[in-house]
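The same chain A turns up in both complexes below, where it pairs with chain B and then with chain C.
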Partner chain A sequence: MHTYGSSLRVIRACLKKDLKSSFSEPLFTLVSIILPLNVLLLMSLLVISGGLAPTAVVMQDSGPLAQQFYAAMSQSHSFVLQQATTDQAAALIEQGRVVAVVTIPADFDARIRQQQPVSVGVKINNLNTDFTNDIRRALPLSITSFYAKAFPNMVTITPRERDAYPQDLGYIPYLAVPILVIGLMVGGMVQAGTAAAVEWEHETMKELLLSPASRLAILLGKMLAAFLIGLAGAVVVLAVLIALMGVWPIHWGELIGFTLLILALFTAWGTLLGTWLKRRTPLSTLAIGLCVPLFFLSGPFGPISFFAPIEQIFARLFPVYYAIVVLQHAFHDFTLNTYGIGINTLILAAYTLGGLILATVALRRSTLPH
Partner chain B sequence: MREDVRQEILPSHPAEATVVPAIELRALCKAFGTLVAVDHLTLSIRQGEIFGLLGPNGSGKTTTINLISGLSTPTSGEVQVMGYEVRHHARRIRQMLGTVPQETALYEELSAWDNLDFHADLFGMARKGKKERIMQMLDLVQLQERKHSRVSTFSGGMKRRLALARALLHDPHLLYLDEPTLGVDVQARRAIWDYILSLKQQGKTVLITTNYLEEAQALCDRIAILDHGKLIAVDTPEHLKQTYGGSVVELETALPGTVVDDIRRLSGVKEVIQEGTRFTVTTQGKSDVIPQIITLVTGVGELRQIAVREPNLDEIFLHLTGTALRD
Partner chain C sequence: MLRAFVRAVWTICKKDIRVWLRQPANVAITVLPALALLFIDALSAGAVGLSPVALVTLDHGIKGQQMAQVIHQADLFRVSDATPAQARALYQNLDVVAILTIPANFTRAIEAHQPTHIEVQINNLNADFTNDIRRAVPDAITQLYQQQGGESPIKVTLQEQNLRSQDIQLFQYSAMPLLVLLLVISGLVSSSLSAAGEWETRTIKELLLSPASSGAIITGKVLTGFATTMTLGVLVLGVGDLLGWVQPEGVYWLSVLLILALVALFSAGLGVALGALLQRIQPVSSAAIVIALYLFFLTGGTAVLAFDPMWLQTIATFVPLYYGRHALEMAIFYHSSDQLGRDSAVLAGSALLAVSLGILAMRRGMADSR
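Let's turn to the complex of A and B:
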């Protein structure tokens, strides 16, 4: 009675029906498509805003050594510097527009040339200890790098760096990948979960459950529709990431393949959650609520091997981690764990299959209200 | 795949081999924890009959239907539909079953045509002739002119008609209608009743759950009354009335009577209700007590009016279960 042909027809029918239903609510579909982009922007703002400490520098001495010291500070990757007069700097820190005011004294050059101690004034707004500690760390580093450049003979210890990768990777390009994964997660889960839950909310699940159609075929059709809408969202995010933020992938083929796999994974899990929860509100709350902790757990700022062992164990329980690993490889050609890209891909495929199987079981076990 | 293998052993349709009941329930039980929703239900529904399942909310009607359609697994007992055991042939049974759920379960954002087209694909209807069949069904329920309209723009009656068209689309052997006229105006109700009666003429078996006893009386060949998951009675509406109803005698006298206690003492009188000069006397079974009642009443005053009628199903239901159907 049930051949592959009839299952394909059910898949096609469910796909067509869900797409038609989605397009009948264009606003919701548009919101679904730009949801991953929203996540990208939100997460970008969240992490970028915490990067560099705005600092005012009062240059009472404009000699060459004072200028070199200013240059050393600006190259420390910790400050956003602006020069100001004493009064301007006082106003800036008063208004909370800078974290610190560094004052280079009028006799800076003269005292250094005479090898006399120099006191560089630092006034810190220590309300935010994160920024405060940035200043406390970065200023001594600036002093060291100033001496290393101005008086190389006085600094006898120099680092000899050997890089593991041919080029440095910036903070933003590194972060862009976990943000992309979270965008795909939220977009895929919300779209697929909503499509499943709405069948229960509108009580149309009866039409599906009372049909002889294979439950797997029904879910595959529904997932495919959610996947296609999610894909539109993924294309928008990738376009912004590549064209506007300038994060170019090294392996385009991997990028396309892994993006499709990751989207399929979260579509399957969204379908499972939608089938299980049967309501859109808890589904959306859960999907959006999960994204922030999973983002921070899965190594957004660096490999999780730098984390505490317990954090590493937790991170490895969730597919977000493996998705970040494979996409970092696609974008930047480095592998964040020792499993190899093949194994990471298989793990993601297993999660996808697991989600699909569990969703099918959940639907098969579903019954109508009593 | 297991069903395909089984198909070779079973006749393609068991009904072709012998006349089997459309639905057969044997000692069917379904418990949810400590709650017994269906309690040793044994019932046989013949092919081609319109069968009514009556009972108040929570009586086990929906659970029974879920068990029949394979959406729920019995705790014990057996369900057969057209000779097929539900446990092993759920898909085949769903293929033979057309359903009109109470809430219609239509995709309101889609058109009437899209709803039927989707249903046809879900039920694996042949592509050839699909369009003609959809047109035929839309014609039957007089919705052809609105075929491209969104269902959300339909009235309650139109939605119910469309749900009926959808249930009939794949030409099921057995049709299940859950409260088919709930929320439908009188005119549409009459039209739906006519459709249902025409289905019987086409040889379809129709299972109806309803809270409207008038509807059950108008449509059903037989009625089963369920209460707390148990089968209280099953019979034709007429026979139920004869067996459980007796007669209802309504009298009006000139003066408030003093004979109520005398009437109550008569053998065969079940209940006497007095409202001023009016009496409603319910007798038990086929009783010859009516002349004795008239004698007693006329003995104390003038009898202005008397009417003897059969009890309605509401009264029978009340008699059998102790509660009104819509309690």
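Let's turn to the complex of A and C:
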């Protein structure tokens, strides 16, 4: 029979033992602490382009209408423009430095004024349909915007936009939040999983299992140690995100609370994985290797309901999705699903509890040969 | 002399392949990240670029109906026809990104040459979805005007010229770099673990005491990494070909196999160097997968490198995988051997350098162990 006091003693002892073990391997602990930051840097490479097409514009006509057309292109949220001569533009697209060349012909102004057809040349490096179609669609946007400003009486149909939020959020501040979640996941799982698996690798689990300590207390102590080290990693990655990248949270209280909950969740699942795999190598390879697929699977680019139904089903299976939802609310006050913050928090708490229960069951059913 | 060398290499290869096959979890984990990404790409490929919108057509006149038809047929959105109330519900439940409303006076306004607007209510929580809508609505308007032929007030037309013979579907475009990722993870992880394992389990002592030369031991290690990685690569390429994901044709099979072999050799050499340098399985497994992911993302990941900032494009030219990726793109998508000589030479040089690094690291490690 385990009393409350003895369980607390076991938790404290396991916590102290694991913290001491971590400090005896300072290099590995340091690597674990900077692992979430490493994930942030790695995944930032994914989103750094911002989705704008680097484009060269050959202005063969420098008249006011041609200039207005250029201005319409630059305001279309689609291009990073640079002016070039024909030869320079040809070289730029050949070298892969731009993905499109737009040529505004010499008689652009004259023809537009005389209401004669005028053909704007577009040379596209049509690498793949997604990026190429963005360019193809951005040019009609430039044309209608140009006409709407230059000849409001001729092209009478225009879009009138009403936005849900006062300003658009850039690509990077939006995606920094899912990347943070993935960083917390990798940091928590690797730290907790390693601490669990090492007991099996060194066969010290034998002593733990033979001791009168409760399995749950052992796990709680180990998880607490992993959680504290993971917390150091979370503080580092949050500091970089907020101070260096300038992604400022709107709800500080939510940010702190959800970060702690998410870290606890992945600490529990890391412990489960470590107890199940019993070896550190597959554990860390799996936790780091799956961070990119899980990032894409969990709806990082917008509300999951905007995606195909099959993607929605898969995303909802993983806690990463709910973690993204609550942290997007904490950082940007965004609502990404209709469950409400309370339900999302409860789901995350349930996953945490589920991880802890499964880890305890896995430990109870574990045996070690002599 | 040569016979003894070959026999020693063969024996080490056989031993390492047996060890590799006895650890199916490790094999599975090395292929899992790339296969998971491939699976996710397949899931999302269908819906990319098409945002879900609710269309409210309040105008029953001819122009209103034409506009609605264009929006349906333009391949720009996933459209749900709705009443204003239904559209609001869809929008609030996050089932659609935007509500497009064709106003009741649309036809009348056009016929009277009066300005009219398509109302666009956007959930602008991230720039990616919002800009897709901003581009798509003017595209639809332009298509409506195009139906008027010579009567159209929009006189600017686009004369598109594509740099490449065909657009590549997004999924196919992503599948090819994922094949490279699989090779790099597999080569780096399996070779580094195999090398570090000899030190961690202290079997390096037996190897050094045996009559096998250090050259034979190192060659055997690199060859095992190369053989296992290449086998996995060819297997996945074969499956990809059967499923129509990546389909080289005719003589280009040879260039694809050559590039895969060079990437596999580069990864295996680098893996052996890493394993011999760190000599411990735990840090090696984490470092190997992180390095593989960095190499992958520095060359554009599954996206288009040309959209990335110039500094990243410059860094990419120093990563050997950049050349492997270019050669594979040329061979698989465009049935071309453009710059194959340059790409193969850089890859072969890098593979040679990586193998030399592996040899150096193994020699130094062996000298320390003697």
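As a working rule, the second predicted complex is superposed on the first by the 360 of 370 C-alpha atoms of A that agree within 3 Å, B and C clash if a C-alpha of one lies under 4 Å from a C-alpha of the other, contacts with A are read in each partner's own complex, and residues count from 1 in each chain.
Simple rule for what comes next: contacts are C-beta pairs under 8 Å (C-beta built on N, C-alpha and C of every residue); 3 or more make two chains touch, one makes a residue touch a chain.
Because the structure is predicted, anything quoted here is derived from the model rather than measured.
Q: Overlaying on chain A: chain B and chain C, fit or clash?
A: Superposition result for chain B and chain C: fit.
Q: Nearest 10 degrees is fine: what angle do the Cα centroids of chain B and chain C make about that of chain A?
A: Reported to the nearest 10, the angle reads 90 degrees.
Q: Could you tell me if A:152 is touching chain B, chain C, both of them or neither one (first, second, both, neither)?
A: In the superposition, A:152 contacts chain C only.
Q: So, A:285: does it touch chain B (first), chain C (second), both, or neither?
A: second
Q: Counting only touches as set out at the top, which of chain B and chain C does A:24 meet: first, second, both, neither?
A: First partner only, chain B.
Q: Name the chain, either chain B or chain C, that contacts more residues of chain A.
A: With both complexes superposed on chain A, more residues of chain A are touched by C.
Q: Look at A:210 in the shared chain and tell me whether it touches chain B only, chain C only, both, or neither; answer first, second, both or neither.
A: In the superposition, A:210 contacts chain B only.
Q: Based on the superposed arrangement, let me know which partner A:130 touches: chain B (first), chain C (second), both, or neither?
A: second
Q: Considering only touches as defined above, state whether A:93 meets chain B (first), chain C (second), both or neither.
A: second
Q: So if I take every C-alpha atom in chain B and every one in chain C after superposing, what is the smallest distance between them in Å?
A: When the complexes share the chain A frame, the smallest chain B-chain C C-alpha distance is 14 Å.
Q: Chain B touches which residues of chain A in the complex?
A: 1-2, 6, 9-10, 12-13, 16-17, 20-21, 24-25, 202-213, 367-370
Q: Could you please specify the touching residues of chain A with respect to chain C in the complex?
A: These residues of chain A touch chain C: 27-28, 31, 35, 38, 42-43, 45-46, 48-54, 69, 76-78, 93, 96-99, 111-112, 115-134, 136-141, 143-147, 151-165, 168-171, 174, 190, 194, 277, 279-282, 284-286, 288-290, 292-293, 296-297, 301-303, 305-308, 310-311, 314, 332, 334-338.
Q: Once bound in the complex, which stretches of chain C touch chain A?
A: 25-26, 29-30, 32-33, 36-37, 39-41, 43-44, 46-49, 51-52, 67, 76, 92-97, 109-110, 113-132, 134-139, 141-145, 153-164, 166-170, 172-173, 185, 189, 193, 281-283, 285-286, 288-290, 293-294, 297-298, 301, 303-310, 312-313
Q: Please output the residues of chain B touching chain A within their complex, sorted ascending.
A: Within the complex, chain B touches chain A at residues 1, 3-4, 7, 32, 37, 62-63, 66, 69, 71-72, 91-92, 94-95, 97, 99, 101, 103, 105-110, 114, 117-119, 121-124, 150, 166.
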